[in-house]
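The following pair of complexes shares a single chain, subunit A, combined with subunit B in the former and subunit C in the latter.
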Partner chain A sequence: MILAIESLSKAFGGLRVVDDVSLTVPDGGLVGVIGPNGAGKSTLFSLVTGFVAADSGDVTLDGRSVATLPASGRARAGMVRTFQVPREFAHLTVRENLMAAAPEQSGERLFDLFFHPAAVRAQEEGVRRQATDIIEFLRLTAVADTPAGRLSGGQKKLLELGRALMTGARLILLDEPFAGVNPLLIEEISQRIRELNGRGIGFLIIEHDLGALTRLVATLHAMDRGCLIATGTPDAVLSNPRVREAYLGGAA
Partner chain B sequence: MEAYFVAIAIIVAIYTLLALGLNLQYGLTGLINFGHVGFMCVGAYTAALLAEQGWPAPLSFLAAAILAALAAYPLGLVSLKLRDDYFAIVSLGFSEVVRIVVTSERWLTNGVQGIPGIPKLMGFTGSGLVQASAVLLLLIAVNIVVILVMRRIVHSPFGRIIEAIRDNEDAVKALGKEPVGFKVRVLMLGAALAGIAGAFYAHYIGYVAPDQFIPLITFQIWMAIIMGGVGRVSGALVGTVILMAFLEGSRFLRDVVPFISEVEMASVRLGVVGLALILFTLYRPQGLMGDFTRR
Partner chain C sequence: MASFVELVLTGITSGLVVGLAALALTLVFGIARFANAATGDMMTVGAYAAVVSMAASGSFTLGVVAGAGAGIVVALLAHLLVFRRLAARAPVTSLLASIGVAFVIRAAIGVAFGHQQKVFGLPVVRPWRIFDVRVQPIDLAVVIAAAATLLVVFLILYATPIGRRMRAVADDRSLARVSGISPDRVMVTMWALAGGVCAVAGVMLGAKTVVSPDMGWDMLLPAFAATILGGIGHPVGAVVAGILLGVVQEIATPFVGFTYKIALAFFVLLLVLLVRPAGLFGHSEGAR
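Moving on, here comes the complex of A and B:
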């Protein structure tokens, strides 16, 4: 099991945004989280990845608790998130966006930059090759040297996925990878996720587009008003009366 | 007339050093440093006091750079964990604290009277125009070295990360890198440059006093990098030249425009620079060297 979320809770003021949520992602798993607006999905992501401090509960990655690590530490531990509204480095090119994500670069240390230039250059070549491979895999070659701020919504989602891949993450958390993406590109992104999952990378995906997500994941969790209300195969979860009620907005 | 141009060129070169530091901090990393003059002040007083003790210039300049950088370290650590706009306020406060400290600690700094009699640099070359030209050449050499170092930084993994921090700090954290360390280093580097600029300034003017280090200096440097082109190494130089052209050029307005007294002239100069800044932000927001998106 790569990720275990145990009884995670968070309240903003009196509002319990995430209420005692537990779920797991198996090694190489492909798991989805659905729920209506305001169900607490994005907050759950922020709690898991350390962008928001949890009130209580634990997060373990490969059996080791990461609850005390800051966001950057959790990412270095192998768990990388993307954002609902893409956060590209707008003034860097697609290639530079990816290269920036490579871990442990000696050229990020000023001392090495000026006193070990040969080692920095050699590593930089490796990073550049790796970025080129990922750009080709994600079919972003045509925009590789375009500033990322000029990309379309779908291309930015792919860019964020590419940056996550550059870090060598074993678990990638995608926050609405299909939101604001044209339908053709949705299928394209789904296909890339399947291929990456085939190589052993785990995914936890939040999504509004139920159709695309249910075709993609093996396990689905449904949230409503901060609570986990259903877990199972996509078909089972979608036919669950509590899930239908949450989505159709029936009287509680 | 030659002496006048050499004098202006020396000030331009000193300001360019300050602008290169601020450009690294704001243009590349997005740090809103409103306290640049505080680090210049630390450098100027360090150089002045050590010169008084008979230290050779290379050593006192090194000390000026190191002390200015060390002054930036705690400031960075404390405030860079806060939001960007808080850093702007804290840095402005820092530079005022520095100015008040050098005003109050009379035993060390001689208070408002300041420290006079700082020896000229390059005194062995002679005096007058020859000596001033030698100082100018030294400043140009220092600027060239700094520009080369900046270019190396910009085109490196370090430069990539600081620009990524400027564009989106949360995304940098999400990729497993901690922005605070990078920001502290950038702040210290920029402060060291301001410290060296301050040391040159102290030796060039010949005395230091607290009223030379008012926030106006910081904002003149801001004007320079905005007009020159934020995020461009060349913009720091070009912007400083434009700033000085407006500041000094408007001096000659008095010969053309009648009925302006000496006192009014000071306000007119600031007005002219202010107008230039407004026109730049309206018609060329990316600055003269332009294109914020490309290096």
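Moving on, here comes the complex of A and C:
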């Protein structure tokens, strides 16, 4: 079990945005979260990754609680999220975006920079190589030295995935990876996710494109108004009457 | 013609002082997100440390190094004791606290060294003559010190892992956190750089003029002007704008007189901002 979320809750004002949600992602799992707008999916991600503090509940990564760790600590523990609207270090190049996310660089300490320059350089070389591998894997070679702020929406989504990989994350939380991405690139991103999953990286994915998501994940969770309302195989969850009602009710 | 070149050269040296102070301001602003009103007094710290160590050792180089060291220590103390604790609050809290830090530093210097002016015991030497242009050796020393400082800062910012992370935090702080970048180490490095840069600027100013407890505070306004002119949060812009303001001030002095030098700097600032509201190097970006 790479991730276990236990009874996580969060209220903004009087509104319970995430209400007693528990779910798990098995080792190397590929798990989806669906639900109408405002169901609390993105907030759930924020709570899990420490972006926003939870009111109650626990989050364990590989059996160890990370609930007291700050966001940067949870990322270093192996769990990284992406954002619905992709975010990037706009003035850094694609390569620098990736290299900035490499964990534990001795060049982070001024002391080492001045007194162990050879070690810093050797490590920097390794980080650069790793970044290049990821850039090639994501087919971003053509824009590797372009400031990330100038990328297209789809390229930014790939870059977010790349930054997560660069941290050495074993669990990646993707917040709507297909939103605003053209159909060809959706297939491309799905394929990259499958390949990474094949290497043992777990995924928890929020997505509104149910077609693309159900082709990708083995397990689906449905949320509505902060609560988890269904869990199971994609087919079972999509045919669940409560899920149908939540979506239709949301549309009405 | 020769005197015109001399004015330009003087402008560059005094502009470098402003530019370094603006660089320190812009580093703090870009990463800690507040205007550090203690920037000037961190300059004063550097100047006093340099005067004291130079009086003891007789070496100007050693004075610069000691000054930079003192600036780094004071900036790190200010970070650990004050700004770090206010990081979660609104930026205006840190701004107000920095005014307090400025007063504390100035008062401490006043108590320790008195309020009378001090000077670097630099030997009086005849200026060199290069094609009829007089060049003061101290000006050259000042420019070399500034250039060395700029080289170190820009190498760290643009060619090292920690510099990359500093720029990442400046771009998007919360994204940096979820990417596993610890803000603490970035902050400590940034304050060390800012303190060192301030102090070197203070040593330069002290070597060119006199050293007094108020010297740094008086530089704060021109430094802010250069920061804004260069585009807030843009390190290269801060330095270029500082030099530009320095040169404009010196060239204009024969025409408008010494008294209106600073007013002229702000006139230039206003003109530039009318055309480029984000500053010379700034890019206006949509709100996130």
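The rule we apply is simple: the second predicted complex is superposed on the first by the 249 of 252 C-alpha atoms of A that agree within 3 Å, B and C clash if a C-alpha of one lies under 4 Å from a C-alpha of the other, contacts with A are read in each partner's own complex, and residues count from 1 in each chain.
Please note the rule applied: a residue touches a chain if its C-beta (ideal position, glycine included) is under 8 Å from a C-beta of that chain, and two chains touch if they have at least 3 such contacts.
As the structure is a computational prediction, the values presented were derived from the model and not from experiment.
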Fit-or-clash call for subunit B and subunit C when the two complexes are aligned on subunit A
clash
Have a look at where A:176 lands relative to subunit B and subunit C in the superposition and call it first, second, both or neither.
neither
Once the shared chain is lined up, is A:224 touching subunit B (first), subunit C (second), both, or neither of them?
neither
Quick one: classify A:90 as touching subunit B (first), subunit C (second), both or neither.
both
Quick check on the output: what are the common subunit A residues between the subunit B footprint and the subunit C footprint?
49, 51, 70-72, 75-76, 80-81, 83, 87-92, 96-97, 99-103, 105-110, 113, 120, 124, 127, 163, 167
In the complex, the residues of subunit B that touch subunit A are 149, 152-153, 156-158, 160-161, 163-164, 166-168, 170-178, 182, 185, 189, 231, 292-294
Over in the complex, which subunit A residues touch subunit B? Could you list them?
49, 51, 70-73, 75-76, 80-83, 87-92, 96-97, 99-103, 105-110, 113-114, 120, 124, 127, 147, 149, 160, 163-164, 166-167
Spell out the part of subunit C that touches subunit A in their complex, as residue ranges.
156, 160-162, 164-165, 167-168, 170-172, 174-183, 185, 189, 192, 285
What residues on subunit A touch subunit C, complex-wise?
49-51, 70-72, 75-76, 80-81, 83, 87-92, 96-97, 99-103, 105-110, 113, 120, 123-124, 127, 163, 167
